[in-house]
Amino acid sequence: MSGIREECGVFGIFAPETCDVASSVYYGLFALQHRGQESCGIVVNDDGVFNYHKDNGIVNDVFTPDRLASLGRGNMALGHVRYATTGNTGRKNAQPMVVNHVKGHMALAHNGNLINSYELRSELELQGSIFHSTSDTEVISYIVTKERLRSDSIEQAVNRAMDRLEGAYSLAIMSPSKLIAARDPHGFRPLCYGKRESDGCYIVASESCAIEAVGGRLIREVEPGEVLVFEKNNIFSIRDHCGTAKRNLCVFEYIYFARPDSVIEGASVHEARKKAGEYLWLDSPVDADVVIGVPDSGLDAALGFAYASGIPYGIGFIKNKYIGRTFIAPGQKTREDRVRIKLNAMSATVKGKRVVMVDDSIVRGTTSGPIVKMLRDAGAAEVHVRISSPPFLNPCYYGTDIDSRENLIACRHTVEEIRDIIGADSLAYMRFDRVRALTPQGEAHGLCIGCFSGEYCTRIPEIQAKSKFESKISENKEDE
Amino acid sequence: MSGIREECGVFGIFAPETCDVASSVYYGLFALQHRGQESCGIVVNDDGVFNYHKDNGIVNDVFTPDRLASLGRGNMALGHVRYATTGNTGRKNAQPMVVNHVKGHMALAHNGNLINSYELRSELELQGSIFHSTSDTEVISYIVTKERLRSDSIEQAVNRAMDRLEGAYSLAIMSPSKLIAARDPHGFRPLCYGKRESDGCYIVASESCAIEAVGGRLIREVEPGEVLVFEKNNIFSIRDHCGTAKRNLCVFEYIYFARPDSVIEGASVHEARKKAGEYLWLDSPVDADVVIGVPDSGLDAALGFAYASGIPYGIGFIKNKYIGRTFIAPGQKTREDRVRIKLNAMSATVKGKRVVMVDDSIVRGTTSGPIVKMLRDAGAAEVHVRISSPPFLNPCYYGTDIDSRENLIACRHTVEEIRDIIGADSLAYMRFDRVRALTPQGEAHGLCIGCFSGEYCTRIPEIQAKSKFESKISENKEDE
Amino acid sequence: MSGIREECGVFGIFAPETCDVASSVYYGLFALQHRGQESCGIVVNDDGVFNYHKDNGIVNDVFTPDRLASLGRGNMALGHVRYATTGNTGRKNAQPMVVNHVKGHMALAHNGNLINSYELRSELELQGSIFHSTSDTEVISYIVTKERLRSDSIEQAVNRAMDRLEGAYSLAIMSPSKLIAARDPHGFRPLCYGKRESDGCYIVASESCAIEAVGGRLIREVEPGEVLVFEKNNIFSIRDHCGTAKRNLCVFEYIYFARPDSVIEGASVHEARKKAGEYLWLDSPVDADVVIGVPDSGLDAALGFAYASGIPYGIGFIKNKYIGRTFIAPGQKTREDRVRIKLNAMSATVKGKRVVMVDDSIVRGTTSGPIVKMLRDAGAAEVHVRISSPPFLNPCYYGTDIDSRENLIACRHTVEEIRDIIGADSLAYMRFDRVRALTPQGEAHGLCIGCFSGEYCTRIPEIQAKSKFESKISENKEDE
Amino acid sequence: MSGIREECGVFGIFAPETCDVASSVYYGLFALQHRGQESCGIVVNDDGVFNYHKDNGIVNDVFTPDRLASLGRGNMALGHVRYATTGNTGRKNAQPMVVNHVKGHMALAHNGNLINSYELRSELELQGSIFHSTSDTEVISYIVTKERLRSDSIEQAVNRAMDRLEGAYSLAIMSPSKLIAARDPHGFRPLCYGKRESDGCYIVASESCAIEAVGGRLIREVEPGEVLVFEKNNIFSIRDHCGTAKRNLCVFEYIYFARPDSVIEGASVHEARKKAGEYLWLDSPVDADVVIGVPDSGLDAALGFAYASGIPYGIGFIKNKYIGRTFIAPGQKTREDRVRIKLNAMSATVKGKRVVMVDDSIVRGTTSGPIVKMLRDAGAAEVHVRISSPPFLNPCYYGTDIDSRENLIACRHTVEEIRDIIGADSLAYMRFDRVRALTPQGEAHGLCIGCFSGEYCTRIPEIQAKSKFESKISENKEDE
């Protein structure tokens, strides 16, 4: 039930011979839909000819059977789902971005956020460059293109471009003959690759669940700093940037963003969330009759809490499964009404019971109150809220939409005040020092916890590119 | 994961004064969407003037904000979601049906299936009646209209019409000044009513979850045989048909159709399903490490099994929440591929484990195999399947789409053969004699278990109206 | 530029063997589109199985290639374009109407207006009939169905039904094995039939231009009172009602409704309009430099005026050819602005000239003023307006939308006053006694000129069915 | 009935204060729709903030009332209608193009075709530029942007860019505070400006009919080579390029492209076409009974022929006014069928007559035959075809789609052969030496007649940019 919005998902496929790559990207994007519902796109590479379509909307709406069929067959394809973090929403920012440059054409799909995009963009503009969008992806396209002029290959150009790019980026790039995956040296955003044995296709994806969705198996993560190249009969890596920076995977991928069935850097997302529930019990126990999770992202931690505590796990809410991204809420409706449309409390589970309600986070604090009230209306005797992350206190510069302290309830209120605001009998967050212990490799690998700690592994950008360029062009919103 | 399709949902509201009744029906239908995704409609009654819109599609697609607003305000409204059981699909069969007759106009919404609609229709045709649709609802409209000619009131006409109608029907009928709920004497399909205290509106709905979705509270069931009338400043019942037949609520409402947070005839659907899980453990225990449910309808029974057995409950599958009714599956895809698009097995939960997988039913037996295989691919050591209903052996005449024995796997195979077909290590169904014990009132109230037992509380129709009239008109399918 | 709206167009085809009849109906309706742009529909009869689709919108929008293809092949088909005269607009009133009755099913397409539909409908309602629409077509369906019970054939039923129906009706009716055309004894609305030699198909259509549009040739009119039957290897007529009433074809078919390339009752529409222009010159001559017509309906008469007078014919206006039925006029626009969007005056033709501007009629008088002003702004020295019909003074009961005297400018103002209102230098209407001389057969055949004369060949209905039933149901408008 | 496709239309408005500029652009584009039906777009400038929308489709379809309203109010706006000449079709090439550069943002709308776009693009690519589209407009955007870096103002940048651009271009450019119109020194494509006195708005448009459509008056042409700047309280010109090249307006603007009610370089298009008809009579007289034009572009010349010859002018064809750009022709249809859908011959006009049929051009020669046959089927005794332009023998490099000799019937056949192919009794084209005499200023002003003469006023491009870049990216067609 987190109010934080996710960023983007990328998916690429490299086939040993021409086949229906578009369908695979379709299914892969469908499995990554939780990472972005704003817009989506697919580019099919048929022996150097790029066919593409992209538009605002979710995969299932944008890609009708006719549309998908019209993309034709190919030997490579690239796809993207997007929720805008930099660049206002709108069709012009939909990805993958397809551009022409002197050596041919190129498609890029990007997940992350540069911290120096303002500087890079200004520098490019002073050289006479023009920009069609407000997205980082166009900046990256330019940088790669400039390097391409003095490089022997596209992969060299990408590798050199990485010297210029600062911040978070997980990239999938398609040239006429190659598919390239690249990840920033900190490894803020996930990126992995796998193989489908049935036909020998290689797959690059933001999460392993997308590889499985198309019948493939995860091979491994793309390493932070790695440039991984798929070409005809060959796979190879450039590792010049590997190990040049501290690993710093966004911890919120484990807590909320990623799908629970994904495995990131070797750790199961589901297990990490269950672990969070265990810590919540260890650090903030409570006498109760039933443990419930707020669907969908609170369920795993609730199960962990139940296991650790021995308190029975229950189904506390029914979520209306017909709710879509475009769900409209006609009529004059209160916040409570809007919550009730999505969720209904299960009286049979909570009536007369002391309830532990587990959720992943409290961002603005506007939905937790109505949810707690809903449980009380359904007869809960007590409602104890447990949050499977520490309080959000700081903005994120690496690709989520937590961009200021103003809207963060934890910046303005104490835990006790928040408990009072949401009407819970007790409230506890996960202890800050538990975060890095959520995954076996947490300590070793490094996790970015800047949103909790305020400490970042990069400099903090003075000007957010977003604010600068968005003030310049405000596009008509195209997706209602 | 049942392959049985649900029937219909009705929702009506009676307001003490003119207000935005359309929005309430919208939210009510949205909560009943699981009962029918084929078409939907809303009729608003503004002091005797009926405004309506209906079309193929789900509530959220058919009723754009503009559409909904164009229905205007009113003092009553009626809505319907439909999955076709009689009458082929298509816009012409969308409900509520709005007709004019000599005393004014009338809107009807119907859930159920008549067993004498062929006879009634033939009789009407011999009198010169014309039919625009192939639905039972039009037959009911005629019968009510004919009775209206010799009755003093619409409720008397409805009451008299019930002498003619045989089979399953839960009706909501709106005249210019009254809202009427009526239920067949057997009470095959649920129907209940409630009140929203905030503005004094009365609500009629197929399930209590819809009353709660609009902020109301369940008052009670509409009794089998009851005609319940809402008019200005008055509510009253005609009970001439109450107690004239054995109560016979469809047990599949508890097992699969209804939403778990609904309460039907005083019993929680969620509790009934948990009870089914308990019986499965008692009757067919197995040594295992984890119990998982097939989302969404197997989750409650899985929890019951886990409670009773002490085996830990786990999250075994992630269901893609962006899947919609209209999801298309482009490309040449096997059954296995199609299942993988909707579900992914959670390795973290099942790897190396002996797994109990609970599902609500096996109808055709085509999806269970791929699901079991998915668990094995994810590393499950053993897969023990437990089904929270007895085997389907007989057709249903009361409003579900189990209309012949041909497609029922249990009619053609033994349990052991089915176990082999789906590739499970063990397979057990709920014991037949447990069915009536699923709810506290089960024995007393009576439940229709014809699909398991082959014993029906009505005669079996010789000719299914459906087959007759559908052969006559085959409408162009309008809803892809 | 007439503000009178047309009524309906019907088109039927009977093929010697199964073929793509749907496409022919599509093209036929496309040629009849000027007769109704509100809704349209096509029913294909494939050996007794009816496939149909109908919706609000013009033919080209409603029938996408997929939709049309989905209707399949057949041996007969029926189509309709509709502008509502009785029954408010909306999808439920779209035709052809497809109904089931005791002897099978039937599709009806109707052009005209009954004057006794209120009486017939009331009578039917008292027998328990229910009505789904507010259209005359449903009344006709019932009457035919009732007669079918005591008739040996559908054509006998239609023939008997004609004893009950009063007013204007040109019908095309399709039973499982027959296509039937029937026209009221007065012959208010046109109806003709022809044959396509290339494949032996017979065609029934409101106007001959539709027969030509599908490659056929006009054979003859369906006679007033005739029931013309097409069945396998046979065509025959029932003429019981022929000659039972005075012929009374609506003169406005010649003046405005019909396409100029159609031939009605043996007379060319284009020639009739040219003749009107000649009479205008003879009766109201004027010294001028150029004669122009208001597109499109004033062009033929302008040419006639030019021929008769010897004054050069000129192109006075350019009409924007991209204007569609659904053209929206955003922004706060005056009447003048709205006219300017559709028309622009041609300075090259009118600058410094004395101009005769010919138009077909002045109904409300709201557009003529801006058009005259547009000519003056373009430099016309004088503007003399000539109208190719007498003043409208009376309502029409036979299928046009002139339903009251209130909005008719000629009922409230003298010709001189109207001239002043529209700002013309002179204004003249066609002389009343010229109307019946527009076609060679005019005197002999009889023309309905009730709207000019106030004399009608039938009784005047006391209650207009429209007003009664429309007050009962007001459907949400579906076509924006 | 010309098969040559038009190019583009531009429309800009500069208001003295914030108002509903979007509606004016809407109506202006609607009047220019004949210049391009592929895609369209509107950019509104609200004090430096650009709101825009563009998509494939005609103005009336792309700009729904909601869309248009969402563009808001502003003090300037720019619009474009496009038929692709360079750059394949598709949404990515829709104009106006909106880009960001170092000095802010800029919107460009372009009509014409550069002959050095390949060279310019290659040069830019070698500097690291990336291209999102295949259109000339993006090349122009870059050149202007590069010049902007070393210019004090946007108008200086445009003026300098004109040193680099070769070929045909009529541009409207909008910066945050200025509206600029610029036309190449040859003046291939028209561009004019005017004023609306009612509110003081200045208007730039491809044709004067668009200025009139929004209530304005033509002031004058933008001169070949002129850069005309509208800014707050000031209008001024830079004329550095005026008179640097021979005037060379495309003669086909007079013959076919422009709307007859437009005035280009002081000459009425309608008059030019009438003149063409006169020359046809003078040079190729024929004994005949009636002169008819092929709608819409042959009507003016037919009238000129009739005036000059004294042979009566007649209405020979009725064109179906509901035909749209997206009209689909379902079913297996011959060329003859397809023509018959759009046109029907008027028997009343041609039966038994010797007919002169005037059309604007014969390009491929595929439609003239069926049209002649249609006249004969309607009873014409003789059909004499007169074409109001000389034979097409050469490709055009300046913005029309006559890009090769292969499809030009006149390159492969003699006039006599063509007469035989189309089945006419006689055939005559306009004499080549008459072309420059079509307008009073023709000789003086200079007209480009390269398509007839093969002589061009610029060098001929060795490589057509189109073919190069289109082979690189083939976008999925988005507009059926």
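As written, the chain order gives the labels A, B, C and D, with residue 1 at the start of each chain.
The rule is simple: a residue touches a chain if its C-beta (ideal position, glycine included) is under 8 Å from a C-beta of that chain, and two chains touch if they have at least 3 such contacts.
Values in this document were obtained by computation on a predicted structure and should not be read as measured data.
Engineer: So if I look at the partners of subunit A and the partners of subunit D, which chains show up in both lists?
Structural biologist: The shared contacts of subunit A and subunit D amount to nothing, since no chain touches both.
Engineer: Give the chain pair, either B-C or C-D, that is connected by more C-beta contacts.
Structural biologist: So, comparing the two chain pairs, more contacts are at C-D.
Engineer: If you average the CA atoms of subunit A and of subunit C, how many Å lie between those two points?
Structural biologist: About 60 Å, centre to centre.
Engineer: Provide the C-alpha centroid distance between subunit C and subunit D, rounded to the nearest whole angstrom.
Structural biologist: 37
Engineer: Counting in whole Å, what is the centre-to-centre distance of subunit B and subunit C, each centre being its mean C-alpha position?
Structural biologist: Subunit B and subunit C have C-alpha centres separated by 47 Å.
Engineer: So which bits of subunit A are touching at least two other chains?
Structural biologist: As it turns out, subunit A has no residue touching two or more other chains.
Engineer: Quick check on the complex: what are the subunit D residues that touch subunit A?
Structural biologist: Spelled out, the residues of subunit D in touch with subunit A are 49-53, 67, 70-71, 97-102, 104-105, 122, 125-132, 134, 141-142, 145-146, 148-149, 469, 471-478.
Engineer: What residues of subunit A sit close enough to touch subunit B in their complex?
Structural biologist: 20, 22-24, 26-27, 30-31, 33-34, 37, 58-60, 63-65, 68-69, 209, 212-213, 215, 259-261, 263, 268, 270-271, 296, 299-300, 303, 307, 312-315, 318, 320-324, 326-328, 330-333, 337, 340-341, 344-349
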